[in-house]
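Letters are used for the chains, namely A, B and C, taken in the order the chains are written, and counting of residues starts over at 1 for each.
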Amino acid sequence: MRDLSSDLPVRLEGVSLRAGATTILDRVDLSIAPGAPTLIVGPNGSGKTSLLRLCMGLATPSEGRISWGGRDALRPGRLAMLFQRPVMLRRSVADNVVYGLAKAGLPRKQRMARMEEALSRVGLLELASRPARRLSGGEQQRVALARALAREPELLLLDEPTASLDPAATRAVEEIITMASQSGIKVVMASHDLGQVRRLAGEVVFLVRGRLCERAGASDFFDRPSTLEAAAFVRGDLVI
Amino acid sequence: MLNRRLFSAFAALAFLTASSFSAVAQDKSIVVASTTSTQDSGLFDYLLPLFKAKTGIDVKVIAQGTGQALDTARRGDADVVFVHAKAQEEKFLSEGFGVKRYDVMYNDFVLIGPKSDPAGIKGTKDITAAFAAVLAKQAPFVSRGDKSGTHSAELKLWKEAGVDIDTAKGEWYRDIGQGMGAALNTAGAMNAYVLADRGTWLSFKNRGDLEVVVEGDKRLFNQYGVMLVNPEKFPTVKADLGQSFIDYLVSDEGQKAISEYKIDGQQLFFPNASRDPS
Amino acid sequence: MSDSLSAWELIISGDATLYAIVRLSLAVSLSAVAIAVLVGLPLGAAVALTRFRGRTALIVLLNGFMGLPPVVVGLTVFLLLSRSGPLGVFGILFTPLAMVIAQALLVVPIIASLSRQTIEDLWHEYRDELTAMNVGAAGRMATLLWDSRYSLLTALLAGFGRAAAEVGTVMIVGGNIDGFTRTMTTTIALETSKGNLPLAMGLGLILITLILMINAAAWGVRVWSEQRAG
């Protein structure tokens, strides 16, 4: 049965995005439904970030149509997005999470408990009173995850959240993402790190120059790529 | 937490503001437009507390040049004018801005100059001859240039010396457009002559090399007059309170107080009130 | 204030006139800054967060008005408040309120301009995140104002410095009335014209000390709370 209050599936039909003369996304058809994590891969400039921003409602398509759970507008608070560089408000770690909860409309009385739960989930409860902007990049990304997950979203969009993190921090972030996915949150994540894609992906969406080049289950994508570009990408060759 | 701190800061500010403004805001007060000479000489500091003790009226003095003080009154921004340039005052009366003019007191102007006395005029009693000598020697001379009573007096003296200052002025003649104190500071800094009222000169602290070079000429006589601003022109004028101030100045008590104001034992102002307005 | 005393003797002896003057100066300038904050911050935030025709012109205007000549502002306020002027009926010329109004006019462009810049910069950083968190227009403004509070404090101090150091406007609209509208700066001007240069200089040093103390206190608050909030 389809949940009528759900924003899923997010469906893109013939979506193009242009900035001036440049085509960023070219007639993309894509449906994002509950299930294992979807990894959006592709070289830099292939349109991964734009695709996520469109799904989040931060950009509007130049052509085509996007719908959320069959509606033309997304319902506030059911989607969350993590950016490549987390934006920490000039407040304590705890207040960053509480801020997100307040804006999601959670009653004041429940915020503290939910904040503590979210921070312990990402292993940062002991840093709750520290200024968020003084944390390391990895810690900031975990605070951003706590802030996003505390809102109990249906869909979590992540734009290369580990791109500038070291392996230990990357592992911590990936563990949280896996946990979130296992708890039923649909994860859509952009990445150009093949190892990460292998570790996390349930399915892979492969973009080249703004076109959806290939979409497949993770094992099919790596073992039997159906396009030349995907095969080259999987081999580690340069794809432009 | 922070909000409460912010609130207390605002509360403290509001209190500070309210207390500083109300401590000095009195309903029984008048605004007197007067001259820098009466203020800078310290006369008001001496006289106003006496008046306040007697009547409970606060006098707020705006010290400007005579011309500017009369303009302030012409805009209705003062209740009383207390100045020293009879021709300008009579014009003010004839325009209907003032009610009546009372003589209050006089002092005299003195010509101040450097001890080196480049024009060689020290000790002369003839002020117009001294002015002519300053011109002849092109000795530096500072003019108020601000339409004040002293400026009017200076211009009158040039005319009486047979000098058309507009054509005669050159680099030696420094028109500064400022008050008496500023003119004295300027003269001190460039060893120039300057016409000053005796009151301001006596209370002036930064004399440096300056001294009195000419005094005692009858033409240096400096009469002060006081007028109530016409309440028919400006209904906001506090006529009763203003008239009390005028009455006090010309009363025996006020006249005696004026004569008793001294600096270093020297009397600055000489009361000569006319009970009957001119 | 007795002329024979030096400024330091006045401080040490707790001269009542001196303290009244200092208090009036602070009250006038702080009130002016408070009013300017109430007007300037929302104005700056609104210009930072909205796009409209003539926005660039308004920004240039606000930046330019940071350097408004005090004497012109003073004259304008004087003409407005004079009994013969359009606002003459209120009778506030030559009162502390007139000085507050004039100083507030000087400070509003400083606060509006600097806060506009600060808030716009922060908005570029926060835009996606706040939009993703579904924060409405009012919430955005509140969040940006709160999160740029330390930078805005600098704008406030710049405004206060301008107000407290200024003599041209308060002389014209306040009238330098003894015990009523005489501030630190007009007292300094007056004592200078009386040739009482040591006292004038001493008062100037007191004024500078006060401004430094207020800046140091604000800086301390900033460092202290930045350590707590980042």
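The criterion applied here is as follows: a residue touches a chain if its C-beta (ideal position, glycine included) is under 8 Å from a C-beta of that chain, and two chains touch if they have at least 3 such contacts.
Owing to the predicted nature of the structure, the values given are computational and were not obtained by experimental measurement.
Engineer: Is the chain-to-chain touch network here best called a line, a ring, a star, complete, or other?
Structural biologist: Chain contacts: open path, no cycle.
Engineer: Among all chains, which one's averaged Cα position is nearest the averaged Cα position of every protein chain shown?
Structural biologist: Given all protein C-alpha atoms shown, the central chain works out to be C.
Engineer: So the centre of each chain is just the mean of its C-alpha atoms; given that, what is the distance between subunit A and subunit B in Å?
Structural biologist: Taking the mean C-alpha position of each chain, the two centres sit 79 Å apart.
Engineer: How many angstrom lie between the CA centroids of subunit B and subunit C, rounded to a whole number?
Structural biologist: Inter-chain centre distance comes to 32 Å.
Engineer: I'd like the Å distance between the centres of subunit A and subunit C, where a centre is the mean of that chain's Cα atoms.
Structural biologist: Distance between chain centres: 47 Å.
Engineer: Give every residue of subunit C touching subunit B within the complex, in rising order.
Structural biologist: That would be residues 3, 20, 23-24, 26-28, 30-31, 34, 82-85, 88, 91, 93-97, 175-181, 190, 192-197, 225 of subunit C.
Engineer: Quick one: in the complex, what on subunit B touches subunit C?
Structural biologist: Those in contact with subunit C are residues 2, 10, 13, 16-17, 19-21, 23-25, 31, 36, 39-40, 42, 44-45, 48, 58, 60-63, 75-77, 178-182, 184-185, 188, 203-207, 234, 236.
Engineer: Please name which positions on subunit A make contact with subunit C in the complex.
Structural biologist: Within the complex, subunit A contacts subunit C at residues 53, 56-58, 76-77, 79-81, 83, 87-92, 99-100, 103-104, 130-134.
Engineer: Using the touch rule from the top, collect the residues of subunit C that touch subunit A in their complex.
Structural biologist: Interface residues on subunit C, with respect to subunit A: 125-126, 128-129, 131-135, 139, 143, 146-150, 226-230.
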